[in-house]
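Read the structure below first, then the notes.
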Amino acid sequence: MYKPLDRNGIAARIARDIPEGWFVNLGIGIPTAVSDFVPEDREVIFHAENGVIGIGPAPPPGSENPYLVNAGVQHVTIRTGGAYVHHADSFAIARGGHLDLCVLGAFEVSENGDIANWARAADEPVKQVGGAMDLAVGAQRLWVAMEHNTKGGGGSRIRRVCSYPLTAKGVVRRVYTDLAVLDVTPGGFVVRDMVEGMTFEALQERTEAVLVRG
Amino acid sequence: MYKPLDRNGIAARIARDIPEGWFVNLGIGIPTAVSDFVPEDREVIFHAENGVIGIGPAPPPGSENPYLVNAGVQHVTIRTGGAYVHHADSFAIARGGHLDLCVLGAFEVSENGDIANWARAADEPVKQVGGAMDLAVGAQRLWVAMEHNTKGGGGSRIRRVCSYPLTAKGVVRRVYTDLAVLDVTPGGFVVRDMVEGMTFEALQERTEAVLVRG
Amino acid sequence: MTDPMPGCAARQPPASLVPTGLGGAAVIDKFVATINEAVAGIADGSTVLLAGFGAGTPEHLVAGLIEQGARDLILVCNAGGRDDGPIADLLATERVRKLICSFVRPASVAARLFTAGKLELEIVPQGTLAERIRAGGAGVQGFYTPTAADTLLAEGRETRVINGRLCLLEYPIFGDVALIDAWEADRWGNLTHRDSARNFNPIMAMAAKLAIVQTAHVVPLGAIPPANVHTAGVFVQRVLHVPVAGGTDV
Amino acid sequence: MTDPMPGCAARQPPASLVPTGLGGAAVIDKFVATINEAVAGIADGSTVLLAGFGAGTPEHLVAGLIEQGARDLILVCNAGGRDDGPIADLLATERVRKLICSFVRPASVAARLFTAGKLELEIVPQGTLAERIRAGGAGVQGFYTPTAADTLLAEGRETRVINGRLCLLEYPIFGDVALIDAWEADRWGNLTHRDSARNFNPIMAMAAKLAIVQTAHVVPLGAIPPANVHTAGVFVQRVLHVPVAGGTDV
C-alpha cells in the first residue's frame, strides 16, 4: 500500500530538485512552503511578486517587520544579498525570462502543459487572477505543485484537456503531486517518480490523462 | 537700428521666462546655456537625458567629477535635492509628460509648430537623432531657441512649412530667436517681443512665414 | 500647465512656492499641513491609483478621500481588499464606480458590491496591471504582452503573434490622482519607500497628474542621496507628514 | 537553462558555484579572475549591448571583446563614437556588421565605415532605444510610442492612432551579451553605478542573456543595502574587478 505525501512532503520533494544558484518564484499555497525545505546555506534565491529578491525565512514571532511581506502578504525576512524593486520591475523579472523556475499551485494541468489555477468556472463572478498569468508565461520553467486528485474524490487533476479556464497554454514542464512526479513531454505525461508503494498501474487508475512510464 | 541678441542673449531671455518650480530639459547648443542664467536661488529643476534630475552649474576647473556629465557630455554638478535614474526611466520622464518645458535648438520651425532639428536633407547618410524626437513629443511644452535667419544670409528659419526632415509635428509653442519671441498659435506666428530697435515690418522682411502682431 | 498632450500624465504644479526673501526667488515646498489640503480638489469621476501590497498603503490618505467625498471614482489598486481595511472602507461608501485590480476575494466588500450590480470590475493580471501603470507614467501608448493572451481575459480583444508568441495588446493606465505611501520625503517630494512597502508606489506616482504622498518621515533636502531616491520629486505634487505610530516606526 | 521561451532573454547560469564545504551546499560567485574569462564564449553573430554615455562605458571589457575576436556582431549603444575611444576601436576591427544607436557623428569611424558600405546602421531615437532595451529585459514584445511617428524614421513602418495621437510600433531589443560598468559589485552580482554612469547599464544588464560587468570596487555580500541596489544580481552573470586608476577613484 502507498502513502500519499502531505503538502509539506510535496514541498520538500520539490526543494530537493532545485539546484544551487537558481532564481525561483514560489506561488501561494504548497509552493510557498518549498523555501522552508531549502537550508539557508544553499544559495537558492527566491523572488516575490511584490518586489523582493532574496526572500528569507519567516521571522520569529514578535520580531515581524510590518514593511516586509511576501506575495501572500505573510511576514518574511530578506537574505543578505537581497534587493527591493518596484512592482513593474518585479514583473519585468517574471515576464522577461529572468526566473529559472516558478512553482505554482493549480487546479488542473493537461498533457500539453496547459495550467488552470485561477477560476473553477468561466462564469465565476469574482475572479482571482493575481500574478499567476505573468509568471506562467515568463519563467524559464514552470513546475506545478498540487494534489493528484480532487478533494474527497477520484477526480483527476492530471488531464488530457483542462476543464477549468486556463492560466496559460503549454507552459508546464513538471508536476509534483502527493503521489508522483510527472514531466510534461511531447509524448504526454512521463512518470519520473512515485511515492513508495505506488505502482504505475495504480497511478494510472487515479489519473485521467494517459501516463507514460519514465 | 536694432542689435540682434548673441547666443547667450537668447539663453538669458529664455531664462527670464521660466517660472520657479518648473522641471525643464535643455537641448544641446543655445539651450544648454539657459541654466547659466537661472540664479541658484531660483528653484528651476533641470533634467538631462542621461538620467540626471537637478543638473547644477559647471564645476570649477580641476574639480570635475568624471562620473557626472550632462546630455552633451559636459562635466556638470548635481543640485541638492537631485536624483539619478537610468536611461529608460529618464526617457519615461520625457515621453511621459513630466517635463514642464523642453528647450531645443532647431534648423527650422513652421507656423503649425513643426520642428526640424536633426538633418538638413532626407538623404543625409549619417543621421544625428539623439533624444530630440522623444523630448519633442513628450514635454508639456516645447520652446525653440535658434537664430532667426540662416548663417550669412537671408534664409528664414521661421517658415510656413519646414524644408528639412521633421523632428516632430505640431509641438512647438514658442520660438526665441536673436531678433524676437514668437508664439505658435492657431492663427500663425504671433510676435510677443522684439529686440530693441526692431520693427514689426523689419522682422516680417526677415521672416518667410506670415507674422501676426502680438 | 495648460494644454497637456493627450495621453500624457500632465503634472500639476507643486503644492506651493515659498518666497525665500532673497531677491524674490522662491523655493519649492510640496508639504501640506492638513489632510484636507492633501486631498483638496479631487474631482468626481477621477481615476484614483491607490498603492500598497500588504505594506505601503497610504491609509490616512484613503480616510481623507472618504471624508473629502469625491464620487463616481475609478479605483486602481492591486486587489479588491477584504471585509475591512482602507479599500473596503472606500468601496463601502459606494462612491467607486469601477474597480481595476488583479483579484477580488470572494468574501469581501468588493465581491458583494459587484454581485449586487453596484460596482464594475476590470480584472487585470498583476504584472500587466503594473506594466500598464508604468506605461501611463512613461508615455508608452500601448504594448504587447504574452500574459493572458490565450485565456478568457483575452476574449474579444486584439492579439498579435510576435516572434512566434501570441500577445495581447494592452493600453496604459493614467491616473488623475495617486495616493502614495513613503518612508521619507523632502520638500521637493523626493521619496524613499521602506522595504517591500515600495511595490506600486513609484510607478503610481509617475502615472498620475496629482500624486499625493503620506510620509512617515520628513527629511531635509539633500538627506536622501541622489543615487538612492526611490521616487523622484518631479513625480510628486503634495506631501503630508503622517508620523508612524510608535510600534511600527522601527 | 535549456529551452528558453522565444522572446525571453534567457539567463545564462552564474559564473560559478563554489562549494562551501558545509554539507555540499555551494555559494554563488559571479567573479571571474581575468578578462579572458570575462569575455569567453561570446559567439560570432552576437548582439552586444554596450552601456555608457560619456561615463559608465566598460572600456576594459570592450578591449577584451576586441582581443577575443568575435565577429559579425550587432552592436547596440547610445552613439556611434568618435575617431578614437572604445567604440571606434571596436568598429575599426570591422567585426561589427550592424550598429544600432541614436546618432552617428559625421567625423567618426562609424560614419566612414557606413559611407564605405562596411557597416549597416539603424538609427533609433534615444528614448525609443532605451525603451526597446527595457522592453527586451521586461518581456514586453512590442510597444507604441509617439516618438518619431510622423518623421522619416517611420517611413514604411506600422503606425496606429491611439487616443488621438499617431504612434509607431517598436519591437524589443534582446542582447546575447551586455557589457556593463559598475562602481560596486558583490559576489551575487548586485551592482551600484556611480552618478550619471548609471545610464544604460541597468537596462542593458536586464536585456541580455549574458551580462558581463566591469566593476571599480568589490564589496562583500550585504554591503549594498537592499533598498539601494541599482542593478540586481539576478541580471548579472559575470563580474570582473577592474580597479579604477588613482585619479578617478574619488
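Order of writing sets the chain letters: A, B, C and D. Residues in each chain are counted from 1.
As a convention for this text, a contact is a pair of C-beta atoms (placed from the backbone, for glycine too) under 8 Å apart; a residue touches a chain by one contact, two chains touch by 3 or more.
Please read these numbers as outputs of a predicted model, since none were measured by experiment.
Between the chain pairs A-C and B-C, more C-beta pairs are in contact across A-C.
Per-chain CA centroids place chain A at a distance of 33 Å from chain D.
Within chain C, residues 5, 131, 134, 138-140, 145-146, 194-195, 198, 226-227, 230 each touch two or more of the remaining chains.
Multi-chain contact residues, meaning those touching two or more other chains, occur in chain A at positions 78, 84-85, 88, 91-92, 94-95, 137-138.
Two chains count as a pair here when they touch; such pairs are A-C, A-D, B-C, B-D, C-D. By the touch criterion given at the top, residues 1, 3-5, 8-11, 13-14, 17, 20, 22-23, 25-28, 134, 136-140, 186-188, 190, 206, 221-222, 224, 226-227, 229, 232-235 of chain C touch chain B in their complex. Chain D meets chain C in the complex at residues 5-7, 131, 135, 138-146, 160, 162-165, 167, 171, 192-195, 198, 226-228, 230.
Across the complex, chain D meets chain B through its residues 53-56, 78-79, 102-106, 110-111, 114-115, 121, 123-128, 130-131, 133-134, 145-153, 183, 193-203, 230, 248, 250. Taken in their complex, chain A has these residues touching chain D: 20-21, 23, 39, 41-43, 45, 47, 53-54, 78, 80-85, 88, 91-98, 100, 137-138, 140-141. Listed in rising order, the residues of chain A touching chain C in the complex are 48-52, 65-70, 73, 78, 84-88, 90-92, 94-95, 119, 122, 125-135, 137-138, 165-169.
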